[in-house]
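Shared between the two complexes below is chain A, which has chain B as its partner in the first and chain C in the second.
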Partner chain A sequence: MDGNADKIEIPSNTPAIVRELTERLNINDFTVQPTLDGITTVWLPRQNLRATLQHLKFQITSPYLLLFDLTAIDERQRTHRHALSDSAFTVVYHLLSFERNDDIRIKVALNEADLSLPTISDIWPSANWYEREVWDMFGIVFEGHPHLRRILMPPTWQGHPLRKEHYARATEMTAFSLPDERQEIEQDALRFVPEDWGMRRRSEESDFMFLNMGPNHPSVHGAFRIALQLDGEEIIDALPDIGYHHRGAEKMGERQSWHTYIPYTDRVDYLGGSSNNLPYVLAVEQLAGIDVPERAQVIRVMITELYRLASHLLFYGTYAQDVGQMSPIFYMFIDREKVFDILESITGARMHSSYFRIGGVAMDLPQGWDKRIREFVNYLPARLDHYDKLVMQNSILKRRTQGVGAYNTAEAVDWSVTGPGLRATGLAWDYRKARPYSGYENYEFEIPIASHGDCYDRCVVRIEEMRQSVRIIAQCLENMPEGPHKAHHPLTTPPPKARTLHDIETLIQHFLNVSWGPVIPAGESCVTIEATKGLNAYYLISDGGTMSYRTRIRTPSFPHLQMIPMMCRGMMIADLIAILASIDFVMADVDR
Partner chain B sequence: MFSQLRSLWEVLRHTFIKHDTVEYPEQKPALFPRYRGRIILTRDPDGEERCVACNLCAVACPVDCIALQKTEDEHGRWYPEFFRINFSRCIMCGFCEEACPTNAIQLTPDFEMCEYDRQNMVYEKQHLLIDGTGKYHDYNFYRVAGMTIGNKAKGQAENEYPPVNVKTLLP
Partner chain C sequence: MNAGLGDAADIIGILVSTISVSALLIWVERRLLAVWQDRLGPNRVGPLGLMQVAADMIKMFFKEDWIPPFSDKPVFVLAPTIVFITMLTGFAVIPFAPGVGIIDFNFGLLYFLALSSLSVYSIVLAGYASNNKYSLLGGLRAAAQTVSYEVFMGISIMGVVMLSGTFNLREIVEAQRDGWFILPQFFGFIIFLIAVIAESRRAPLDLPEAEQELIGGFHTEYSGMKFGMFFVGEYLAITLSSALVVTLFFGGWLGPWLPPLLWFCLKTTIGILLFILLRGALPRPRYDQLMTFGWKVLLPAGLLNLLVTGAVVLSLHS
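This part shows the complex of A and B:
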């Protein structure tokens, strides 16, 4: 540092990390924004972005290794702008440090005339898709990005959907029609052209074959296409093509009331049911300042863990089926049916229960709710032992999956892998332990890990997680507290029904909350949970209205798919099937 | 080799276990009382329509599948003139039942609603209205609310004081 340079003055209330950045980088352009979620939020000018992020990843002690999320906000219609930089579009970088157990959020303000930023896809490989998504949704250019093209919308799409001026409903546009010539154009646009992606059609020795796997193929678990570059049966390269399941869940968040958006969250990771509700309602409750009663918290934990079981059982079955065992999935569906019976008896639905509410849960537990759960927690461990013999100890399955699709912890973190896929590499990091929410600190359970990070280990971790979930559910069963299932707070939506039916004051509140919806105070909040497939976060921005200003859904499956090419190069197609099975993704969770 | 034979044996064992298959449609699955299926409109214990056409279900519906219009009878009771649910949009989330201030709209444990013609998924009031009270037996909104209707004057509702005579100073 230049000895004559003025020493930068740092206000005393500056967070330690910002102080360190200011001193180390000798930049004093950081602005700290207070947020409700306690995540240090720093605004910085565009020219300092790369240096700061590089510093946070490479130079700092206990670095921020995981690019947790990268997204943008269209700020042009935002009214509550105090403490925000003057910004038309804001790009948000959310980093996570395992060692510090801390997050940092970096924001860069852009004006409308110059929507561009340098890429960070060379710093974090996982930024590649995130930047494509931001380009697709907001039209923000990332200079130096290798393939900045649409990722979720079709290549022929006009406009950028998450911009405020883009329509949200079909009724805001002319009636949809698809004449034959238009269909030709649309289909042609989907054709995979290897040269577009820098792939060669032949090498010195051989001509490559290009194979579309999907969008309709049983082992891609949904509408998902992988274009494969093959030399014989060996995979030279792969290009995952997503977006077939895109429904604009984030855009819908901007037109539903805070209350009526809950059923939409169920459908993001549709195998996770109400465990999708959880980060959403937690984030809204954080904005609203609602403390959820203990009974509601325990009910939520119990329901979430039941959904984890349902999701993992489906994973286990399809995993075995994809590598050639036909029978186990049928047995696991029987177990899953028992989980759904429990969920149905409590919530009223099987897969999309929409059971959680702002301030609690929809209904109290029914009489005799514990009987089936008690039977089930005694039943499942023996079944899992049985499956161990049937599936996991089978030598053919082992040969198909051990050493296949392996990655180490550093690679996993670089590609933003979270959840069982990360723990299979040996990193014991579970959000429920690291940052307990909904009272997870009160439960006894272990974080299952494995060491090889291959397809086999990813399954091992999930099986052990099921045993731990059973443990947690058993603890909920034995320690279910008495008390209300909804918070006593004016923003609890809807207020307790028994009072609504007999008391005009409650009825008025009820009318307002379920029709216009609760008015959530302005602010920003991001709540993350350990969902079935990894870390799932809802980053909500309220502008002090009855609807969300911006709903960002950070899903685990999105970065997981991005890693497929790296995992399958040099492998056979059959190995790719095992890899896909072991990732455990849901296309709705990828595309949202 | 042993492990493969054992896998085969474990599968074979299932041949002798009681099967879990439900032979639908001959055998109907047992559904729970809370199961959220086909929506109905119920009547109060006196056999009158419960729905007061307040529109709260329609606005609470996340997918906007409910439409209705209010009308009034000669006694001052409110009714829906028409009540229409488009079940091809409905996601059975139960928000309407939760929103209903009179327990009129309820979800029932019935899911068998397939149709060949999509238009048949649009249910009108005559398809929705049943003769009973549904899940909530005793509630009658007009007995709770202070609204005057044919056979009930001011002051006769639950927890309601008789009306104050505003034209006198005497207690």
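This part shows the complex of A and C:
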């Protein structure tokens, strides 16, 4: 970039941010791609990537501070593609600006012979794991990355699973066997070697102890390993090791019809149930151009908030339990069971109801649905007050959690923290308020915040969120509109059936959409929601088929875990347990 | 007085009853916690689930008694017996009622302190011999915690000794005819209570095993009857501690209308229930917080209590 270059001509329909980038950086290689989701999408050449991202983060007014997502697309079998994506792989950087309330998506095209990019893990610390994931899944090298190793797949894995040539099903392979020698090799590969991660085995004063916490440990909430470098009980450093819960959810998205993928989403954040369905069906509806009727929207909000209650109640109980308080979890499980009773009577299932459908919800509310909800809405706030006395006002618990695992807003944003963990630092940013979806603009509720960003405050925020959820549910209860629970659109699932026996066209349409599934028009769409644990997004790419071409699931827990070493250095083991409890993660939400 | 009280029948009677009470406590604790936590608890085996104890014992006896190949075997095997034996022998000096007991030592209180110190070895050795990092951390915590809380325990009961002028537990009970020591020695009682909880490693001060942090701490590697000994040892410790709290602060067997033995058992039962309630209600402090609390709060408070008691006793005598 030399300052005296020729003036660049900018087309008049260019978005303001691209115009600004072009002028400031004096590069005219930006190409804007129109998308359905309204996110400014810019293609740029590899050599401009770092300068552009640095500019977006540090130099412009109202910067894009949050690295929302970093992923890749294998474009080689795609038929409906953008003119610039004639290359083999595209790496996608998705940034978010709180001040602008705006997103930008940066795309870089790579050809197969040279799959490498400069790392941005020095610009955003949270990019570290995202880049490892992209390397693991696609084999794209990030030059300058400190530890470019496999993150979700076992270290011995051959190939890169999200490449199109990689098999997706066990039936595509010969039968699996694990002879003893193979098992030895696999186990050896999992052995934690401190030197690999730049950790020393001893200091001048003492030898360090390395403790494998997990993958099976009562307080890591799933299959999750943290290798700890300890001096006595003090944590010198920690290394979270994830991937034990990886089930290839994104790969399965490419092998399931748009409709049959819905149950898989339930199992991503398995405590959030149908609130996982929401971003997925919203994204599909955006691709298909389906308008969801008002009643379905209100039902969806109500179910999502009920699941938020269920998830937060479980968090609250395990939080107290991990700090060593034995009883609260039982009280909260009883309340959670009441939520599940309601959900079961509406959706037919407790935890994984898969209740949402493309275009609406699976079935209308049952008769008398409001009775139980009304009882519950009147019941829970008093219980929460009771728990405040039992848990939050307990002085031992306060001493265990106040000032422990604290981070400020800037650190949180740097590490891509979203949701209650971000609001606990004092930033009142809730997706439901900032960019309402499913009619959230019609509800009265507040964004609970706290100021210290420590373990205690993260719990305070979630408790207040429960009260707000109860408020929202009460509003759904009083204002449930009449009307259909599903859109009348040929691409909804299951498709409209009323006229199938009257004319052959409807019958054919119905038959095809049930057997193959609907054909969703080609396009790209990304929908984010405020899920139970933070921002959850589905970035869907349709190639005009009955299955998704690429399903990217951006989950909140993934970056949250990456922050653990920074939160627990210099603390004690007991503090780490409190920190883990306060993050509120689910391993399926991390590993997918 | 420094004489044996009981004959062989007494000894066997007390031995059997303390062990069965401790075993029964497994059921009592589970049922009580369940009631307080809006659950049912074990209610399937026998009437009210009472036979759960038998079922648990059968299970424990028939479990594989695994000794980890990487452990220090003799120490590993020896460790659980220490806590069991020390806690059991501790009952020898407990004055159940006039004439009921095993032995009447002049230094009964010191004998108890000595035994409770010995029981620490069990935990520390178990943690060390297991050759497991979690166990080691548990053993470390146990060593620090119990050694320091012993100090506060000793200091806290010196007030009682001053008031009664003896280390003999029976004479301490007799000295409370005009009023239980809980009133003049309230602070001593509080400190003693906290110290015995820490000594017996009961929740909320169960840091050496801290299930959520150290998986099981010192007994992570133990299974079968060796684990069972730690388990019963803990309940023995609760019973012993309650009996001692009753003896020192609540007038032991003293009380109107009912026979002395019944009074003693009744008071001890209430003490045990208090232990269980504490476990159900409170979260666990952090290791360094527990130590700070001990040395910076309990120790000065204990010393102050001692000073004030001494001054009062002196002024009353002169």
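One rule holds in what follows: the second predicted complex is superposed on the first by the 571 of 592 C-alpha atoms of A that agree within 3 Å, B and C clash if a C-alpha of one lies under 4 Å from a C-alpha of the other, contacts with A are read in each partner's own complex, and residues count from 1 in each chain.
Methods note: contacts are C-beta pairs under 8 Å (C-beta built on N, C-alpha and C of every residue); 3 or more make two chains touch, one makes a residue touch a chain.
Nothing here was measured: the structure is a model prediction, and the numbers come from that model.
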Report for A:N394: first if it touches chain B alone, second if chain C alone, otherwise both or neither. both
For A:I508 in the superposed arrangement: first (chain B), second (chain C), both or neither? neither
For A:P494, is the partner it touches chain B (first), chain C (second), both, or none of the two (neither)? first
By the touch definition at the top of the document, which applies to A:Y264: first (chain B), second (chain C), both, or neither? first
In the superposed arrangement, does A:Q256 touch chain B (first), chain C (second), both or neither? first
Where does A:I573 make contact in the superposed view: on chain B (first), on chain C (second), on both, or on neither? second
Which chain, chain B or chain C, is in touch with more residues of chain A? B
Partner chain(s) touched by A:Y331 [first = chain B, second = chain C, both, neither]: both
Do chain B and chain C land on any of the same chain A residues, and which? 325, 327, 331, 334, 394, 396
Can you list the residues on chain C that touch chain A in the complex? 33, 36-39, 133-134, 137, 140-141, 203-204, 206, 210-215, 279-289
In their complex, what parts of chain A are in touch with chain B? 256, 259-264, 325, 327, 331, 334, 337, 341, 344-349, 352, 354, 362-363, 366, 386, 389-391, 393-396, 494, 497, 500-502, 507, 510-511, 514-515
Which residues, counting only chain A, touch chain C once they are in their complex? 209, 211, 217-219, 232-233, 320-327, 330-331, 334, 394, 396-397, 399-400, 572-575, 577
Footprint of chain A on chain B - complex, ascending: 1, 3-4, 6-7, 10-11, 14, 20, 31-36, 56, 59-62, 91-95, 98-99, 101, 103, 107, 139, 144, 158-159
